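Same chain, two partners: chain A is paired with chain B first, then with chain C.
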Partner chain A sequence: MKIQTLSVLNIIAALALAFVIGAVLMWASGYDPASSYYSMLVTPLSDRVYLLSALAFSAPIVLTGLTFALGLKAGLFNIGAEGQVYMGALGAVIAAYFARSLAALPLAFAIGLALAVLWSAVPAVLKMWRGVNEVVSTIMMNWVAYWTVIMAVSTVFANPLQPEESVKTPEAARLTPLIPGTDFTVAVPVAYIVASLMYIFLKYSVWGYRISVSGLNPTAARSYGIKPERAVLAAFALGALTAGLAGVLQVVARPPSYSLMRNLANVYGIGFDGITAAMLGRGHPLGVVLASIFLGVMQEGARHMQIEAGTPFEFVRVVQGLIILLLAVQVLRRP
Partner chain B sequence: MIDLILMQALLAAVPILLASLGEILMERSGVVNIGLEGLMLLGALSGPLFVDYLHYRLGVQLPDPLWPLAAFLAAALVGMAVGLVHGYISTYLAGDQIISGVAINLFAAGAVAYGIQAYWGVAGYKQVPDWAKADPLALAAFALALAGFMWYVLFRSRLGIVIRACGEDPESAFNIGVDVNRVRLLATVVGSSLAAIAGAYLSIAYLSVVTKEISAGRGFIALANVVFANWNPALAVAGAYIFGFFDALSYWLQTAGVARYEITRMIPYIATLLIVAGVIGRARPPRAVGKPFRRE
Partner chain C sequence: MKASLREIHKVFSDGTHALRGVSLDISPGEVLALLGENGAGKTTLMKILAGVYRPTSGEIYIEGRRVRFRNARDAQRAGIAMVHQHLSLIPGLTAIENIALAEGAGLRPISAEVRQRAVKIAEELGFDVEWDRDVEELPLGVRQRVEIVKALYWGADLLILDEPTTVLSPPEVKSLFQVVKRLRERGKSVVYITHKIPEVLEIADRVVVLRRGVKVAEFTPPYDPKRLVEAMVGELRVEAVSRVGRPGERPVLEVADLWVYEGGRAVVQGVNLVVREREILAVVGVEGNGQEHLVEAIVGVRRHKGVVKIHGGYAYIPDDRQRKAMLLERPLVENAVLGREGEFARRGLISWSAASRFTAKLIEEFGIVAPGPWAVARHLSGGNQQKLVVGRELSRGARLIIAHQPTRGLDVATTEYVQQLLIKARNGGAGVLLVTSDLDEAYKLADTIAVMYRGKVVAVGPVEEMTVDVVGRKMAGL
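Right, the complex of A and B next:
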């Protein structure tokens, strides 16, 4: 219990300090920290539509956060969610290309999740058979995914009517907003439910136990008759499923475009936001949800900050980097 | 034609070599820094930004050859500052080195995108003026000389024994009177500045442009190269040249119109995966790398 409280205090201290350092950087580059932070953190909470939009931003981050958190549990540093999101989104676009009816929806999930798992199989197999460190292999796979998807979206799956985006999900297959006039689609509850299921899975299932034990101590795992290799494979595959789901949902359940941008703007960075969410949420599935909501608020707030205070929206990532840096200091400070 | 590619490969190898040398120095002392990518980004931005600020906003006049030098100096200082933070976290604060490295990457990705927008008012793309450009060949010579020098220091000098002892067996190093954390901190400061210089090379010597994705995974390719080179600066030259070759090949195939540019752009990453898969197993990292040293 004491560890829990201390850890929450640590996180709050890291957040506060990151925002203070961020304010100095902002001031030094000629922007007003007070009005920027007001737009970033208060404006999104001041209006129902903004708040629901922030929740919509949080949904894919929850899913990629789970990818990274699950990897950590298995002792992996799996930063491949970014590329797996691209592949998931590509799957949804492929489905939209071949099926122009409701059938595109199940097809989107099937192809998207399959592609994402396939993408994670490469670093998983390289790690198993050749002992390749997953940090390098997953980043390389992210870049291969980046160029693969850009090529696919600008050639076969290009939208002849709108050159900036891919073919759109057919109207019958779209998951439209649950609350009209907002971005709040079924993606948000789905992401939170997946996080809850992940919590139950890790805490109560046999496989969850195998993954945790393998991550904590592979040698001990072996003596319990657990094969750490299989736990690693399971963590890669399950992580790819949630990341792929994030990509599919960004296409079929994200107004207004229901497509993939040619420059990947609507999927770019989601995997890396997940790393931030997982670290901020201390690798706990429900912590990931809370952290993602916080990041979602920042992301929604970034738009207001750019319009109202003129501060470039990229600044939120500066603050997020600072938060993680400060968390790194405290990781080993647990009593 | 082939000699042109071999020349291009050398130029493409320089940033990978410089960052690899920095990482080898850090890891040999016991500190892992996966923030190379972020350091490169920060170096790529801070060099041109600093000379632009001196030239246009402060009106400083320098003889032409000094401008690129000033840019490299600025990048090196930024790298040292980040290295100081990472080194301090990794040693005296006994923090998590991997998380700190990730934080550097995340921070840099944000800071560079933000910096380009905040300073030049353009979204993610800024040309480097001619007067600030450096000769890439000079940097290539510098990187090669540095590799030789670092090999000598690490494997043929007393200082090298001390550095390697900190990474292999810090307990024993401490027992013979080495201040392990101080050695590690200094190695991290110097190593990080090399990665930032690699970034400045990209923007002011090699590509002549600052973009928010200018490093394009080269920091991670350098991490792969460190393993490939088995933490040896001399082998890192060969490794960097191979990785550089695929980088050059990718651009050559693109300009030759052999394949769509999206396909040629994948070549360096796929090559890295294949190379890493082929060599690992015989590579052996320094034994205490990534583990904070604390006297009991």
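Right, the complex of A and C next:
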């Protein structure tokens, strides 16, 4: 996969066409595309609270986008972020179940990240030992995570007061909004800082270089004493850390619920949005941030679109799906 | 076909100025040899004529009419076809299916007409092809013929052959020349890209010499080989270095009872070798007798049984630079630090400015033709890519140098240069394990010669004792 080879022009073309097709679909379904797009893209930028909310949406996408981007660097098509987000969130719930004080916070990170890394270890090890294609194994692990976490949240970790969600993070352990009245928590700066660190890691560190050599030319890597297997392992593990972090933060640093929905509604799709962000951002960590903000704006805009233009917010998903499809077509078209 | 190129310039996006105003005329029924060193711009010029690249400036005329090719298809329609160095047939399809695809005809059933035309073209050129075999099963020489038939099937009047003999064995070369002559008899124009003087002498009606993107000379028969070389190489002169002193005593590489298996078969069978300081040990043999596995076992890429002891680090020049030694899509800087990235790092972070200075030094010291350290490796010619790899490896200061076919595919001057560098390194005290199938190279460089046959070292001794006769017989398994 040569997603890094997509030019800025390719990306603009995909975006433009996705919006045009989206408009046709809205129009065919009896909605007004112009006012829908206005509410989707402009309204979020017109107000400080909306904008901060859009940034809050972008934070977890940045983190899962990094998972996918890092995988690409190592020559992997790692789509396991989705399941690792669930596992991270489950870790935070487990922490909340056992510790009803501030201690739940460090515990949430510890258990959540550990579970996510453990989850990624399965495809990593399968790939290294048996050459199992990571696309297949990560998709399988995503579904295993999906039902496992639903089961856990519906039984042991269910909230007796609100059966549609899990036990809540104790108040002392919550990371509440930095700016009252918004959803803007410390998760946002944390995600952006992680992206910057990833950028430095990939561009300047010896290990980042080795990962990129392994991804570009594993044979050459081997010839000069770099072990591509280690790069694969590192990319899986580091990617799981950022995806797991996204999951933990969705529980401990995301108002209003500070819990995990029983149908996983507040974590569902974040891993896949990350893939979109990584493709739009051409696999570059800072590109991922920009693309995530764009997707965050669209998600915030979805609410306004539904309220102001009366267009169902699913149309945002439609446009996002079109973007992915049109990017993928261009990647595959290349020899 | 009469084709003219006028004042062609080509500047690649990374700044490489590959062609600097080249003009060229090609007449019908003529075999024109385009001669030049690696990186002189021969292939680039012809890819422009074949519509693969677009010129930065300049004009192309076909039969006196100005044309602008947007892609290779356009050029094909105009009757120009290029047979690339790396052939472009589709593996998994048979030869005839590859031909049928040329005009977008359906694959099954192949119409009798397609088959008749293909067979007729091949007959006229004086050969036959097993049309129903998967092209992957055909020898490279035959695949090349299929490409030529495909081009003519398309209606090509001008054929460009890019270094066509690189992949061929000597008898295949002979029959290729026959084919070229037949093409000429039939009034086709042929442009023959090469850096090999003997080939030019044999088949060219006219020779145009390119050097560093400029047309420097043009010759017609009778040719004076010496003047051809001078035109090609220019004033570039490499000082001759010869081996000084006897090999030392201390070993830098010890291999004992080495076995390498592939698919249950022992491809290297109990090899023992010692390379000492100030010694070039040449391992010769017909390719495919286990040399590749031996080298890869020594550098740790392949699993093996037995002992490999390396004293004091090693440098490695692999046989296939693009596959084993380079990151083609990345800048030279990233290529220059490959395998030694740790040397440019402090506290785990690589200093790219230090790496860039080092790359600039390599470019200067080893005479690499490149616009700068941040140029993309792919845009360098094969010879310059090899210089980069050799430069990187020799500047490590390792006591053992493993060089596997280090001059394959290189032009005269670069070959000489690389060989001199290896001798210099040896005189400086390094031990060199040279694995080559070029006997001239072995005799020119080696202190000691070892012959490999079917996975075993069947003879080893000082170069003075290993006569060509003995080595030849041992290589043949006698």
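Note that in this section the second predicted complex is superposed on the first by the 321 of 335 C-alpha atoms of A that agree within 3 Å, B and C clash if a C-alpha of one lies under 4 Å from a C-alpha of the other, contacts with A are read in each partner's own complex, and residues count from 1 in each chain.
Just so it is clear, a residue touches a chain if its C-beta (ideal position, glycine included) is under 8 Å from a C-beta of that chain, and two chains touch if they have at least 3 such contacts.
A quick note: this is a predicted structure, and the numbers were derived from the prediction, not measured.
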**Fit or clash - chain C, chain B, common chain A** = clash
**Prompt:** Touching A:Ser29 in the superposition: chain B (first), chain C (second), both, neither?
**Reply:** first
**Message:** With both complexes superposed on chain A, which partner does A:Ala220 reach: first (chain B), second (chain C), both or neither?
**Reply:** second
**Asked** Who does A:Leu325 touch here: chain B (first), chain C (second), both, or neither?
**Response** first
**Request:** Return the chain, chain B or chain C, that is in touch with more residues of chain A.
**Result:** B
**Message:** With both complexes overlaid on chain A, does A:Trp207 touch chain B (first), chain C (second), both or neither?
**Reply:** second
**Asked** Thinking only about the overlay and not a real complex, which stretch of chain C clashes with chain B: 97-105, 187-195, 349-357 or 439-447?
**Response** 97-105
**Message:** Looking at the complex, which residues from chain C come into contact with chain A?
**Reply:** 299-301, 316, 318, 323-330, 334, 337-342, 345, 348-350, 352
**Prompt:** For the complex, which residues does chain A have touching chain C?
**Reply:** 200, 204-207, 209-210, 212-213, 216-217, 219-220, 222-226
**Prompt:** Which positions of chain B touch chain A when the two form their complex?
**Reply:** 34, 85, 89, 93-100, 102-111, 113-115, 117-119, 212, 216-217, 220-221, 223-224, 227, 260, 262-263, 265-266, 269-270, 272-273, 276-278, 280-281, 292
**Prompt:** Which residues, counting only chain A, touch chain B once they are in their complex?
**Reply:** 25, 29-31, 77, 79, 122, 126, 130-133, 135-137, 139-141, 143-144, 147-148, 150-151, 154-155, 272, 275-276, 279, 311-312, 314-322, 324-325, 327-332
